[in-house]
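Dropping the structure in here first, questions after.
Chain IDs A, B, C and D follow the sequence of writing; residue 1 opens each chain.
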């Protein structure tokens, strides 16, 4: 083989060139991409989202809800589109949403918000690295000016410093409006680095990234300091509702939670909860998020209590939920529709969307957390997930 | 609101009920799901994959390659379908595939394979938990028989034991053929637990899961002991090729890698490489994998060397790559086509597919790893990713 | 300066050469080491424990107890010698011991026991590394024979394998009798490596250690798989006793524990308990343990429950408690006396000693854990620790 | 038994009461504590360091050096007192010191300094916790005033905030002069908490500690943000010196380091170096430090390079080195002498001491790091450590 994939000399985003490529692939592999070739939108909307376009994956969407959210931006009931191929997932979240709806809804709070780029600066020795750190602090305002010269939306909030060896790792924290902002902060930080290099000649070298923003990776620093939104969803579920609707016993559920905390501490999880990644991934695919950010967004901190009244206080904090309602895949045909369904497409909607994601996650935690105890879990997978061996 | 989502009394997997639900959503939210409603397959194929079906997300696919793989199962050139909305991603992987092709291809090796379910057993005290552990070892063959009574494909390989407090956490490791196997092992382990409870009366209680399989979560135990496949992709890239094709200098690239290792060790990443989650996610969406498993599959171990000849040895080991070529979403319309494009649909293909995923990942590592050094990275995002703020 | 430290041509372990060295240091620094020079034993007992001997540190010992232990080896009451310079420490442990004594004592269980050396084997590629792993499994009995040829006490229990890149990391697990065993396992594993190299020519190189035994370091693998003894100490403390003796309220104490679990999960601790390192360090110094092993031994897993009767079940599991009652510093003058005080000097005593350490730790957990809640903690430090700013 | 340990009605720090207690222990256990009873100082210096004093542990000290330090405070040659019972340790560090002396010495840099206390504040929900965080920022100056009212030395530098669930964890960072400062910051933070409770009535409850200072425990947050001093020791060792003096080959040593980085990343160590805890523990015992702080102080970050000239750049950064030259055990008889030997007793010496500790550590890294490669390691343990099985 080693034949080159066709490219169009004039416009690479047409049905024709996509068709040419599928034809080329058929010649190479004898496989027809019939369904892949059936999409409902004009490829002219794709630049900025894909290269070498050939068609689409059609991921089925199931609808769950209504989800009742008591957020600061998201208020009221929402029907949640979940794009997944995993049987039982929609049913399970739906079950949790019903419980939470009956319980008065999910309260959501965003307590932090930042997007990072983290260059490293290399010196002859540790002492020079430390002195550079002082200079960075003293010149913060000028650095901020440089960074913000590249973007109307992004604001440089603060710069964290981490010394090790002869290096200074800088973590630039930006707010990025309704965009996830990874590219925005890369561009802004690049301009800052160039400016720094012109003004601080002792630097031996620098790299624009050094595993300290940890894009597309879980990290401890992002659990502590947040990448994206830090969102908490919490609710108090009346004991009798939980026991009746979930066919279980709250004391057993509570004990299961405590033992799972111990299990997770020992196994070294990034999430002491049950399965937040399921709901997050399904919502991310449906709404045009950068799905690889599930790596960061799947970290979570669960805390529960039995209240003095004997009910169940359940909270989940997602320290690094990376979402957008503008830019990236959010404007594509189906993705935009799903965001619109939530009232979350476009400007000034990103916090609302983050709250809806977190509230969805909490419903899934209660559904699976109680199913494990009642062992409904296996039987429901047998019922709904018969395609899944 | 709080209106209930329509369900069909007879068959919940028809175009009509999907249309009814979209109509219902329009009434509730005033949003038309026109594009969502345009799918090319019969909903009758969906049971086991989705509930409350309303339509699809159309995720654009770009094609990269050919990718040259020197695997044990995957051999030769492959065109790789990547479903993403992140501009630059396909171009970046494509660039890496070209480099690796010129360098002689990517060698892949699968060194482990297991899928887990991890119940916890509760005792009056630690001593009873320890004694139970001995009994489990002694009764392994009977436990294996019980487990395998529920499945033709799954085989119980071994049981890990972890003691803490008055609990014994058991990690059942199965091989699961061409399926990812999460449901298969749940069902099998449930049967084992029931058998154990009948035969070991001192157990106070048990839960079928306890954060020790760590499904849909990253964990240290899965980096060590593998969940899914443990796959290594490796290659030696001639210095002159790398420097010419990637417009960079190998010594700078090598230093960047070493500093990223330090940065990642300090920031506490689950992956000292660059961005394996990008390629994995795009392949997972395209081929009907359980995309939430990106959480486990995104962990990675990168190791590089400058060879005595001055070339670049690069390896990446993915300790928990969870993939399937059978079951789950693999049989859906577009997903199946993409697997077929790779020659990976159906029985006895899962290792081949795992090798292709790992080889793809390695290409992306070299592409981004060199771009960070040359700072092609920002400018190419500006070129390809103009939708991404 | 740069003057060389005096050495004795004949016998380096005499009072005279120690005195010469102190005299030499006085000439170099003008500092008299009067107290350092006052030790009560013959230096002739020191070979194997120290080089360039000049005298001793006198670490004050306080006595706590009696500690009531319901162990498998340690049974009854023990007076615990704690060598520390931290005011309040002895008083705090003593307070906990009184509470636990009144509560019926501490139950202790050893559930695992191993000491490691972890060589790495380097190959041309990952596939060769994997094949070597199979060969190691097949040749386990011969490897065991080689290993055990170097020691009367050490037994090779099993070999863990970890693949990454083109390497195979092997973790040799030995039991080592009453010794901690680090040197024993190093020697045995060296012999094994030499034998392997003679019999498996494809190995490119090997190193006898590779950060997989993680001697003198905390590691996740040792929390999971144990280095030294895995010991659990547990007790049920009647509510009224706890509340009366610790001047606190059990519900507040319980809530504090749960919040500390969350805090520790987020901050990334290796121990969700309070301060086990305090008691372990003090006992290690008193009894001639390798005190640097506090790094491994300080990891801990705490789990608590309120019992149906309303009392407090408290357990702490130390996954890697490294102790000896034979060899190392255990035979030195004061150290041996302290081991004898516990009935733990010499052969067949190491499990007894491990149980006493764990029971001591649990008492300290309850003392500090309740003091934080009652805030006795600060005031007692003011009372007892007035030297500590 | 259950007999109570004797206490003195008037003065608990005399030879008589210590003798009474030893006599009591003899009656209870039939063990004579002859050597324990032989100490050279007046017990009247002990209040604030120990309770229920019975005597001392005599830990042998070996002297290593001279160590050549190019610090900011520590400059020139130092003879290092190492209190240990582990054979080979002093010889190994001594060997490293010789290499580094010949190489021009060890350069040391302190880049951060803080001691923490971390209370948690509990609210009705996450939103209230977040609002409290804003109030804390706005009231920093008053909080600082409250904190510093309790201490002449301690200064409140900043307060970190971590939100999770309905809690706000605050990490108070103080500088504490020449003291380690744990008690100082506890007292100061207690006063702050009381003041906050009087001024912010919405707080439901608070606890003075919550596993976020992580005293006596390793934690990720302390690797990132430092507890105690953040110290880097670095040096360039000429290739020929290293190869001649350490009987090894630099390229093999370098490769061993890189593989150990990978091994440590996978095994999950808190220190990718060799054994810093050995030197730190021995120096801590000799100089009256709080030895349990080895748990925090043993974390380390090693980074190496082969320089363009072919020499070996080696650096180790200790992110949380907790040391004092004033207070605690530093003023005890032998401990004070050892600090004086280093010119480090008393006021304004703590940075000098921290630099000496870090420089010592680096020598030990090179000694063991090269010995593993040459396998001098096992044979030297056989020569020096014959007491250690």
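The working rule: a residue touches a chain if its C-beta (ideal position, glycine included) is under 8 Å from a C-beta of that chain, and two chains touch if they have at least 3 such contacts.
Since the structure is predicted, the reported quantities are computational estimates derived from the model, not experimental observations.
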Remaining chains grouped by touching, chain B not included: one piece
Selected pair, greater C-beta contact count between B-D and A-D: A-D
CA centroid of chain C to CA centroid of chain D, Å: 17
Rounded Å distance between chain B and chain D, as computed from the means of their C-alpha atoms: 41
Multi-chain contact sites of chain C, meaning residues that touch two or more partners: 162, 164-165, 167, 220-221, 224, 255, 259, 261-262, 264, 266-268, 272, 301, 303
In the complex with chain C, residue positions of chain B that touch it: 72, 107, 109, 111-112, 125-127, 129-130, 133, 162-167, 220-221, 224, 230, 232, 234, 268, 301, 303, 315, 317, 319
Of chain B, residues touching chain D in the complex: 220, 223-224, 255, 258-259, 261-262, 264-268, 272, 301, 303, 305
